[in-house]
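Structures are listed in the sections that come next.
In the two complexes that follow, chain A is the common piece, with chain B as its partner first and chain C second.
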Partner chain A sequence: MLRRHLTLLLLLLGALFTAGCGKSKKPTATTGAATGGVPQIWHVGNGSEPQDLDPQAITGVPEHKLMMALFEGLATEDPQDLHPVPGLAESWDISTDGKVYTFHLRRNGQWSDGSPLTADDCLQSYKRMITPEFASEYAYLIYDYVVGAKEYYDRKLADFAQVGFKVIDEHTLQVTLKNPAPYLMGIIASHYAWTPVPVKVIAKYGPIDRKRTGWTRLGRLVSSGPFQLKEWAPNQKIVVSRNPHYWDAANVKLDEIHFYAVEDNATEERMFRTGQLHKTNTMPSAKIDVYRRDLPESLRIEPYLGVYFYRCNVNRPPLNDKRVRKALALAIDRESIVQKVSRGGQTPAYAVSYPGTSGYMPRAKLTGTIEDAKRLLAEAGFPGGKGFPKVELLYNTSESHRAIAEAIQQMWKRNLNIDITLFNQEWKVYLDSQHTTNFTLQRSGWVADYVDPHVFLEIWVSGNGNNDTNWKNPAYDALFQQALAAKSVEARYALYQQMDEILVDECPVIPIYHYTSVYALSPKVKGYYPTLLDNHPYKYIWIE
Partner chain B sequence: MSNPTSPTLAAVVAEPVEKGNSLWHDAWLRLRKNKLAVFGMVTIAVVTVACVAGPWMASYGYEQQDLMNTFAPPNAQHWLGTDQLGRDLLVRLLFGGRVSLGVGLAATFVALTIGVTYGAVSGFFGGKLDALMMRTVDIIYSLPFAIFVILLMVFFGRNIVLLFVAIGAVEWLTMARIVRSQVMAVKKMEFIEAARAIGFGRRRIIFRHILPNILGPIIVYTALTIPGVMMLESFLSFLGLGVQPPMSSWGVLIKDGAEKMEEYHWLLVYPAALFSLTLLSLNFVGDGLRDALDVRSSKD
Partner chain C sequence: MLRFITSRLLQSLLALFLVITATFFMIRFVPGGPFTAEKAVTPEILRNLEAHYGLDKPLWRQYLDYLGSLARGDLGPSFKYPNRTVNEIIADKVPVSAELGGLALGFALVLGVGLGTVAAVRRNTWMDYTASTIGMFGISIPTFVVGPLLVLGFAIHLGWFNASGWYGPLDRVLPAFVLGLAYAAPISRLTRGGMLEVLHQDFIRTARAKGASEFRVVTRHALRGGLLPVVSFLGPAVAGILTGSFVIETIFQIPGIGREFVNSAFNRDYTLVLGTVILYAGLIMTLNLVVDIIQAWMNPKVRLEG
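This part shows the complex of A and B:
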């Protein structure tokens, strides 16, 4: 009796097993369209598991890398210097006063499901982006520029027809701006906030003005870029394959890109060395010297427009006192950190703006000695660090962030005699804590979305979706509005100088260093150029 | 006693009969003959003393950094070298030993207390109570450990005492099962019947009559739990759920060393060697205790 059951069980198991195998084998068959035979697959480390694949509901860099494969803006980027080149729109006209942009969409433009991509899709996307209920963190990239958008976002204007988006015909979209913004085309080309989304598909899976409705899942997501979603194994990898409906599909060289979610940079580096990855996302600082010596052809250290900082929640004591924030900022030895801890050629940051962004050099500089820091702390009521409450520093799980945090923790202990405890969270939880300002002190960074000094200053305006410090300063907001309306670049930069001064004086964030991009790249990867934003349009890349 | 040549009855009674060896004495003799177990005990004693006393005598603090002296290989100032932030590895290793051994002992103590009481009660009473208590154990067993710890961290915040409690709260399950089965075997013996007939209370029977008779398996299992718990602590610290920086534990140091092993081998070699040595020693002692205390297995 038992034996018969056993046999049956074994048979069943066997059947299940073979069925399972049959299923898993199918999707691996790929067409080597570009090279005839061998499929071109690019394996790339992408840091964390993305928060979502909805271009209007994300803020992080790992997400951005995926967006560049899946979606395309009206304009897109040149692979070498990132200047705007035609994307979903084959051309655009800008009126002589710089306020009216007319985009001519491609007649054959299609979503990855083959349905036509029209001007109305774009209009509906931008409407979703500035819908107050939707609360996109990046809504300001639209409402700072487009006529009526801010009012619509603030619910002062109910009629979307009065916002400066207008469908002229099925393939023509007109955008009217409040003020000329010479860098706006850069934003449109580089940033997913201006990416049209498949509103008809989104509406199928839930309310359109709600985040995380699940429309981005495998089998549902419809995209517009050179690639489409093919496989999504959470916390392992996301596979995108060539999108046959993409307008420039003939020039896409890669068949697939595999984005690996590896948070541990030591694991990532090991994967690179064993040939599992063509490119890593970062590089453990302890490995940089090894690569310099043994694998110099694979090591990349490039300037990267971004600032690494500690974000203060200015609503929580003791950081509600600007003297405490300033004391913390002054008691950090930035030179030691970049030379001994991060080791990747970063430059110490004494102001928020990245020096030299489009010719802008911030004059503001954090100045003061350890003695000044001690004095400020004493004035704030903590002489010699006495009575300083327990402050926690939040960082996203990563060995390099931890090392820097430990070094700074020790500097604060030694210089100010205060104790900070460290704790880490996984990427999505960490982002959640950030956006709900559920932290006291948080490691963070701001990487430019486009090349203009504006990008480092706009997020500190009150109410900005990426401010996340609770810091509000009327003088700063006023300067920002003036900068938006500035007539010349010089006038604009002069206003930025004042804004940088305020940031250094108030320290809602404590700048630590300006980034470099440090990673390993296989010499087999071609069509890849260093860029300031670390954006590398994928359709130009191929593997030799 | 006045005349030794003519022994009296009193003298015969007073003269000690050949002293009978107690079970414990026998066990100790057997344990001493086991070379590996002795080696284990000595090693554990040395490591414990070093971990307790070492950090006091060292000239560096475990969190004291020297950014001008990072990744120094073992030398005269830093006997085991320094790490990425220029901290002395020897001091961190000894300090980490306090945490790891401390977690091992504390969590094992928690496991022992809960497990023995729970198992004894369950086994002694039997019936429906036993079924209920054991199903509860089954349910707790089926909780994934990492998720359980993460939940605890979320509710009570990160704190090292909690880590001890969390590990102890999971480790007692096996202990409870072992004790229960032993109690069930012992409680049917005649001397328990006798104790009952005399009219002793249940508590007295459990703790005075049953428990001493099953101490062997309890001690053995306890000795084997300590290394298991230390492994768990390393695992949690490895995941970032354990001790928080700049505190160190062996798990933290090994994780750190593993990331940098190609270039800075000393960061991995010393912590891993000390950790393995301690674990091996604890296992040797546990094995030795089992051979010494479990009469049935050692005399065949």
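This part shows the complex of A and C:
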């Protein structure tokens, strides 16, 4: 009797074990991308859940990708090289002194609720952006450039009319700058800090200079870009659908984009393989070789406008001696780092500036042999590495950073006979150490927000909030100021060449490699081009 | 009984208050804050941000403000997600974790108690060894291995499920199975141990002597006592399962509270950290109390004392 019951029980348990296998139904998500009618629905992995969908209250990359679908700037990006092309403004004029920008908005410009998009909307948006109470993280992208904006932000100027924004007529906006800023159109096209927001809609849900009014929720959010918000399931996905009121709606090919909030790149990669995604956000480095071998048509490795480097605290011995910094910089075999350790197609970096940013090629280059490095170290008082004090290298907790740090630790030991100890900190603790320069050597990275060589040079100016090396060089600062006032691109780039020379000579930072973006993309996706910022304007994309 | 419950509730409230206070100050003393970013904000922007979120007030003032709004049931706004309040985030995410947890727990109980009982009744036979082996596998193979392996087999190769997501009923199968397996293993071990002890006791012999069938002896008489260790295990386990599993939620891309719990600490989202800690602490305390009451009911030897 008991035996029968027990056998029955075991059988039941066995059935439970295999219960998962009982029902077989194709996941619905995959059928969307099938052939035939080819639904124009694009499924994309988008990293973490966005903070918000208010372009003036956000900071991260996943947020940026969503902004590109929902909103548009006065100018927007060309799909192939991201140069500024007309967006909400159909054209713009720049005065000969480079200080006055006049934007001509489209006469038929509309918000996604069908209401007209006017010059006053833009002006009110920029006012919101530099209202100190609103506390936008990117306020400086406006107040660094526009006349009176910094004073307004610092509450030294109460009258917004004196800030350099002026509505000429319903469709014309004039912006007056403090100094010429030749790369400003790049910022306006690529960065959401300059994106106009629907102030009249925002005002319905609370004071426009408050962050937490909830105007971005589903059913409330009104946007200006090729798509509008259709669904928002927090931590799952955000669906945007075609915006019929967009000025270029006729040329938008996709009907919907589904942005999946997937933080884990292994999860994302599995979703790609089951057909749930057409594109992943990143790729686990262990999978790169597998894709190279088995799915080469889906693997994308593209140059990405960023640099991976080690930051020196120039106040701390022995890194206060530029010969030591240079010796460390020369004793790294960058080729083997990118080929054997990082393995994502990165390019070795011998200068901080990214080669080929808007036509700028840095001439300065870290050159020298291991012998040169040894000689420099000896000159600094550490012949053969003797007497070299204990130096710690700080990195944020991550397998890949540790692997690179270990490789470099080995190279320094072998080439210079010096000992570096590695230590890691959790991300925000590490950032705190960085911003308070509480480190000797630190691994770091810098990724551009817009395509201009300025991006990689401005941060080393003394007093820049992202310098974080204690390095100051009056000649460098002077060149930077001259570049801001340069009359032509050539003149500006010539000054940048000198700045890069100084960086290579002084080595406040040790460049290691230039980034690539590595991800999986279904070959069915068309109208998609590699770009330096990994931005891919969506209106040109379609599914074949 | 009433006195016991009242005194336990008071103790719990005191403990909760201490937990809140410790968490509030500890998270503040950790380096880095909600606005610490790779691209540093300028000092003037940071000042305005802090003013916007009330972080410019003295810490004791912020603490009192927090307790004040907490007393009104308001857990405050999230720092990371300006569009949402902590109350909303918890209300959104807990049902998802609870659904996943409920399914997993149901599965774990059926499997764990079943295997454990079989193993105890048929001690030292192949059935016992099989059940023990399954239990050992469940304990020793972590979910972050089992999860991706099952996805590989059932989603990628067989195509029966989505690799991840939480959209339809089918999306519940794999995560509930993996999470349940992790809990089934200790449950089966505890059941086996508890049952072995009970099966040798006099009242079982009496039941057998009275002619009760073996099935009835096991299910009616032995299980009630044999499951005692399982019940004390279930208190904290249910709290853990309801507050979500970071690993499972990450592997399967499930919008549960477990991810918020971990990520809020990484993000220094002060209010969300406190909200999730209060939730977890409150659940643990409540469930432990419930467990004590259930144990008293199940085992006459246990008396509730204040």
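What we mean here is this: the second predicted complex is superposed on the first by the 307 of 544 C-alpha atoms of A that agree within 3 Å, B and C clash if a C-alpha of one lies under 4 Å from a C-alpha of the other, contacts with A are read in each partner's own complex, and residues count from 1 in each chain.
Quick note on the criterion: a contact is a pair of C-beta atoms (placed from the backbone, for glycine too) under 8 Å apart; a residue touches a chain by one contact, two chains touch by 3 or more.
Everything numeric in this text was worked out from a predicted model, so none of it was measured.
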Which superposed partner A:N251 touches (first chain B, second chain C, both, neither): neither
In the overlaid three-chain picture, which partner chain does A:H435 touch, first (chain B) or second (chain C), both, or neither? second
Looking at the overlay, what does A:Q162 touch: chain B (first), chain C (second), both, or neither? neither
Which of the two partners, first being chain B and second being chain C, lies in contact with A:A266: first, second, both, or neither? both
Kindly classify A:S336 by the partners it touches after superposition: chain B alone (first), chain C alone (second), both, or neither? first
For chain A, which side has the bigger count of touched residues, chain B or chain C? C
Figure out whether A:S91 sits in contact with chain B (first) or chain C (second), or with both, or with neither. neither
Does the superposition put A:A403 against chain B (first), chain C (second), both, or neither? first
Tell me the contact category for A:T216 with respect to chain B and chain C: first, second, both or neither. second
The shared contact residues of chain A with chain B and chain C are 264, 266
Inside the complex, what are the residues of chain A that reach chain C? 1-2, 5-6, 9-10, 12-13, 16-17, 19-21, 23-29, 48-49, 51-54, 57, 59, 132-137, 139-140, 153-154, 211-212, 214, 216-217, 233-236, 260-264, 266-267, 270-271, 273-274, 276, 426-429, 431-433, 435, 445, 465-466, 468
Sites on chain B touched by chain A in the complex: 63-65, 67-68, 70-71, 84-86, 158, 240, 244-246, 256, 258-260, 262-264
Interface with chain B, chain A side, in the complex: residues 264, 266, 284-287, 289-290, 333, 336, 340-341, 397, 399, 402-403, 405-407, 409-410, 413, 421-424
Touch list for chain C against partner chain A, complex: 30-33, 35-45, 48-49, 51-52, 77, 80-84, 89, 92-93, 107, 110-111, 114-115, 117-118, 121-122, 127, 148, 150-152, 154-156, 158-168, 170, 173-174, 177, 213-215, 218, 250-253, 255, 259, 263, 266-268
